[in-house]
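What follows is a pair of complexes built around chain A, which joins chain B in one and chain C in the other.
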Partner chain A sequence: MIYLDHAAATPVSSKVFEAMKPYFSDEFFNPSSPYLPAKKVAAEYEAAKGVIAHAIGAKGSDIVITAGATEANNLAFTVLNTELIFCSGPRRSRPSPRGERANSAMGALRNAPSQNINSVLYLVTEHDSVRNVAKQYGGQEIKVLANGLVDMADLKSKITDETMLISVSLANNEIGVIQPLAEIGALVREVRMDRLKRDIKTPIYLHSDASQALNLLDINVARLGVDFLTLNAAKVYGPKGVGALYVSHEVKLQPLTTGGGQERGLRSGTENVPGVIGFATAVEEAKKHLSSNRKKYSEYRKILLDELQGYELINKKHTLDNFVVLCYNGIDAERLIFLLEEQGVYVATGAACAASKGEKSHVLKAIGLSDTQIAGSLRITFGETNTPEQIHEAARIINAAVQLERERIGNDD
Partner chain B sequence: MIYLDHAAATPVSSKVFEAMKPYFSDEFFNPSSPYLPAKKVAAEYEAAKGVIAHAIGAKGSDIVITAGATEANNLAFTVLNTELIFCSGPRRSRPSPRGERANSAMGALRNAPSQNINSVLYLVTEHDSVRNVAKQYGGQEIKVLANGLVDMADLKSKITDETMLISVSLANNEIGVIQPLAEIGALVREVRMDRLKRDIKTPIYLHSDASQALNLLDINVARLGVDFLTLNAAKVYGPKGVGALYVSHEVKLQPLTTGGGQERGLRSGTENVPGVIGFATAVEEAKKHLSSNRKKYSEYRKILLDELQGYELINKKHTLDNFVVLCYNGIDAERLIFLLEEQGVYVATGAACAASKGEKSHVLKAIGLSDTQIAGSLRITFGETNTPEQIHEAARIINAAVQLERERIGNDD
Partner chain C sequence: MMTKTMPLGDGSLAPVVTGLAPSSSVVTSGSPSRHRFQSSAPTVFVGMSGGVDSSVAAMLLVEQGYDVTGVYMKNWSQDLPGMKCPWADDLADAKRVAVKLGIPFEVWDFEKEYREKVVEYMLAEFKKGNTPNPDIMCNQEIKFKLFFEKAMERGADFIATGHYARTGVTDDFCRGGSGAWQGEDERQNPCGDRGFGRAPEQKLSDRTPVLVRAVDENKDQTYFLYRISDEALARTLFPIGDMLKPEVKKLAEEKGLHNAYKKESMGVCFVGEVGMKDFLKEYIDTKPGEIRRVEDDKVLGVHEGAVFYTIGQRHGLYLDGEKGTVNDGLPYYVVKKDIAKNIVYVSKNLNDGNLWVDELELKELLFRSGPRPAGPSPRAAGANSRAAALRNAPSQNKSSSIQVRLRHRAPLIPAEFDGKKLKFASKIKRPASGQSAVIYAGEICLGGGFIA
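What follows is the complex of A and B.
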């Protein structure tokens, strides 16, 4: 098997598995229980959160553990509920402060997005978990350039005094393009200063989904200037069903679920101890091997680009080292995927969740590809399961499959 | 170690662990990916959902996987969002039907509870994850009798033509009392018939949190007459961070999080494959050993009640076989817990999440216990880690600790 779809899923690494293992059946206690073995588990859980947070230049108390990136993205958007004018009249709904349980009457306003308020800007190429929630808040799209980078002029032109949240992923999940977050962060700070001067009270926040980037970029929330950052264990050789949201100190969110008050009221439910221990181990490993992996993947990328034939490269620059997005004009990439699968090579056409619904990639469309180009596009993402030999072999198999398809459709140029 | 707090947490059983194991690092694929190994994982995931559903007399397509019971309880309450009159005027908000992604403008109404509408009734002894969300919807409490059972007369008197949701747990998490759900289900059907006759369109639903009961009662959703049922893997020797909500066919819910559209749009995010495989195995094991475990635990209960001294039994009847709730009048149970911990016996005072916040048990209060009685109450819950020898030993250790405390406070009666 040559697995080249690490953007869709990564296997749990053996180190992560070994770290999680004791917490399933031995250290299984409920972290909220009063006796010592449970308190030990609670302390280890908090320490693991500290490790995850430290990797992005934050403290454990700055992050909220979630069931994955989708929930983290959705949670970030609840900042709008604490800020938006609710329904009738100018009453500002400021329900429970962060850290309290939202069980007050005001808490009933949670998750109550106002419509028709242009308070959200999001990059057109965002993952569905950002796009769909942004649309629920009447969000406006920010354009991208043909290279996939944010169109800064478009972003600037769309920021108004009503803008409260800008959401731009650190690296795109379909084309791997790395956005200039620090530049956007600086712009947000400028807007803040300007509003302060003009005595405009509306706050403005920056959210970034860093799911794909955590093991490939050196991330620091202060340097990026983000107020919210989404992390995902399952993309970095940690377990599925675990994610986190970094939340800047000053910012108030509202829980998506209420209950026992865990995660300081922002995310109730018994803590997923093995999951978070595994996530922390994955993050530590990712940080340790960051530069060697980047180097390795950029070599893999070079091998593919050298040895593959008859393609058009989509993600030319500003890309995660492990992403190669190719277009075989005139070829049906979905057929190609099945041919490759028969040879044990696993690649993708786009985001797994979008592809499974038979939807055309909104990302490839946004960067200006034609329908034919989109239909002929492959996403190849390297990872720790790969060796240089596999990459040479994959190039050979892909070339042969493309040749076969070109012959079949009578187009062997 | 003699662990007697299985209501707070259960260890992952070795069968569950072995079942999960291959899905971490070998069968790690994203179930939405297009190639065969991923499709195989997707099929196994669906099959596991089928197993979980089958155990409660339902189909896999009837259940929504969540990150635990808290999320499932919160998700059930979103039925009110699809039914309640939204803010201004009589417009009924009926956003996306179940199975669609809520990315329409109407979807923006999700999670927008109306206030001041007496549409929710919930048992006063419910877990915080029901109580807190019910309070957000202006829910009214249903009383319990001194034995912990629902006060049916109180329930009947509180049902009005506005009542849309009744939430009563199948078995209480602090005292193990089993509620007459089928009787409540029959009442709900009567109300439905009566509304139909009188042409009242307001629907009425029954939700039950069965987290504590799944491995101790033979559960069938049709027989209980519930529209929603909450399940929790972590209480039945499955993994933490996995739960499920059974949702009756006819009922529309709204997602708490939106994104890639997994779980038919009700719960987006890459599926927690190992978690759900583990949950299914746990459910199968639970069903297989249901009657033998009940028998075993009722014997343990008898041992404790025979051998312990100077206690008052709180949960006399209608209780899960593995729950023994005792009151040592005049004793501080929190001190007792520490004395027992020193001898390797782990018990609880109440719900772990409530206890960790230093809150007095609302359950014990609801059944009429005085503050002194509440302060002297212990919750002992048996489980698969226990042997008869452990129970005898625990009785001896508890008796000695109680005696020590009575001597210390000069009250050795």
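What follows is the complex of A and C.
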């Protein structure tokens, strides 16, 4: 097997797996229990959160553990509910038809659209877990340039005194493009200062989904100027179903679930101790090998681009080192996936998510690719399971599959 | 078995399997012969659903040397509350097989037409208090009409599906002669050289296609196909019609088709596991109404809307009468519906006259062209059109050689048909109105109609 889809999922590393094991059995206690062994688990849990937070320049108390990045993204958007419900001014929501639910997150969410049409801006290439929640709040899209980078002029022109939340991922999940987040952070600070001067009380926040980037970029929340940052264990050799949201300590969120008040009341439910221990171990590993991994993946990328034939490279610059997005014009990349699968080579089309819904990738569309280019695009993402030999072999197999398809449709060029 | 090639109207060749014995009227051809075409292979568009049956059908066609294109018909993609429509997964399964077979693959979008012709029809029927079968309508309006027409426009010689059914052909020479052949093994079919002696000079389109039950009696799907047109049937291949389901699965496994292990889809595709009732709730506005006991009109409870209930149904009734009198542990059955007044009548009496009948009136009768049991004279039955076929329906003839199927996979029941009503020797449990009664003479599907 040659697995080239590490942006979709990574295996749990053996180190992570070993670290998690005791917490399933011996150290199974509920961190909220009063006796000593439970207190020990609680302390280890908090220490693990500290490790995760530290990796992005934050404190353990700044992060909320969630069941993955999707939940973290959804949680970040609840800042709009708290603002809409508790703030005065023209943004106050009208009495809702579902009044009895107005205080629950879902109720507020349902009532959110239409009256707050100007409060959310999100990058057009965001993952569905941001896009779909942003749309529910009537969010406006920020354009990208042909290279996938945020169109700063478009962003600036769309920020109004109503704008409360801007969401731009640190690195895109389909094309690996790294956004100039610090630049956006600086812009947000400027807007904040300007509002302060003009005595406009509306707050403005910056959220970034960094799921794809934790093991490939050196992340620091202060340097980036973000108020929220989404992390995901499953993309960095940690367990699936574990994520985190960094929340700047000045910001108030509304919980998506209520109950025992765990995670500062923002995420009730008994803590996922093994998951968080695993996440912390994965984060430590990621940080330790960050620069060597980047170097390794750059080499893989070079091998692949040298040896593959007849493609067009989509992510030329500003990209995560482990991402290669290619387009084979005139070829149906989905057919390639099935051909490669027979050879034990696993890759993705533009976005596995978009493909499984039978939709065209909104990301590739946003950077201006034609329908045929989108249909012919492959996403290859390297990771820890790969060796240089595998990359040579993969190049050979992919070339052969492309050739086979070109012959089938009678197009040999 | 002997193989001949037969010229089509357009000059291309179609394989036809013929028997060896000297005389009869029908030749079945579940799958075309294992003949490899040398050049200019006939073109087939095969409907691929992602399931094992249509995957094996496509594979067999490729092995037999046809020029095959796989097509996924996108008829429905909408999710229902609590159910994700699996269309994208099905499509991927179909496409994966097409890639494995090295054939072109396309998606044909019939969603708009499916909604108009199948779903709207179904909802309208339910509103009238009937229990329609959308799969029969889907075959009539989509698979064997729109898909067929589009394939023909694209220059196809044939369409193919993974249905368990077979086709045969008759011609004037032998039609009606000795009646339909009813043997178990089509290879012993006495029809053959005499019937096909003139075949080479004859265009396939001049010959009357016959719909024949599948070899796998347990999987036979002709019940769903009885309303498809002659035009489509004449150019339809059912490559797995002479195979047993276990053989199909085994072949899929042997050939490494991943969907050999796929769970079989049950029921109406777009309703899936949610069930028809939940589907209807999404699309039909209903009001709660009374459940009354048919014997004394006593109100026993409340139902969610009469359209949701089917005659003979015993589940899902909310009865709240006095203990011991109403709920004595014995079930109530729906025996009657008054759609206008939104009343559902129930009874504990399993012998209620509404539940058991010995005759059924049919409407929108459709008799297929071709042979029929001891019908009018062979020559008179010679016309090929449906109108003629209807005229020639065995109206006066109290035929004893017909059998009726009242549900998919239900046993065949001997019956007589007077042109309007089916008559049974003994009482049968009445099927719901709107369901189809499909009429057979031995292996051959003669047609059928909707139960009034």
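Here is the rule we go by: the second predicted complex is superposed on the first by the 381 of 413 C-alpha atoms of A that agree within 3 Å, B and C clash if a C-alpha of one lies under 4 Å from a C-alpha of the other, contacts with A are read in each partner's own complex, and residues count from 1 in each chain.
We take it that a contact is a pair of C-beta atoms (placed from the backbone, for glycine too) under 8 Å apart; a residue touches a chain by one contact, two chains touch by 3 or more.
Since the model is a prediction, treat every value here as computed from it, not as a measurement.
Chemist: Count the residues of chain A touched by chain B and by chain C, then name the partner with the higher count.
Modeler: Between chain B and chain C, the winner on chain A residue contacts is B.
Chemist: Once the structures are superposed on A, label A:L339 by its partner contacts, choosing first (chain B), second (chain C), both or neither.
Modeler: Touch status of A:L339: second partner only.
Chemist: Determine, under the contact definition given at the top, whether A:R408 touches first (chain B), second (chain C), both, or neither.
Modeler: In the superposition, A:R408 contacts chain C only.
Chemist: Using the superposition on chain A described above, determine whether A:S298 touches chain B (first), chain C (second), both, or neither.
Modeler: So A:S298 meets neither chain B nor chain C here.
Chemist: Should A:N118 be classified as contacting the first partner (chain B), the second (chain C), both, or neither?
Modeler: After superposing on A, A:N118 lies clear of both chain B and chain C.
Chemist: Enumerate the residues of chain A that count as touching chain B in its complex and touching chain C in the other.
Modeler: After superposing on chain A, chain A residues 334, 338, 341, 355-357 contact both chain B and chain C.
Chemist: Would you mind writing out the residues of chain B in touch with chain A in their complex?
Modeler: Counting only chain B, the residues touching chain A are 1, 5, 8-14, 17, 24-26, 28-30, 32-38, 66-71, 73-74, 87-88, 101-103, 105, 107-108, 110-113, 115, 127-129, 131-133, 135-138, 234, 239-242, 256-262, 268-275, 334, 337-338, 341, 346, 348-349, 351-357.
Chemist: Mind pulling up the chain A residues that touch chain C in the complex?
Modeler: Chain A reaches chain C through residues 334-335, 338-339, 341-342, 355-358, 408-409.
Chemist: Which stretch or stretches of chain C touch chain A in the complex?
Modeler: 77, 87-89, 91-92, 95-96, 99-100, 102, 104-105
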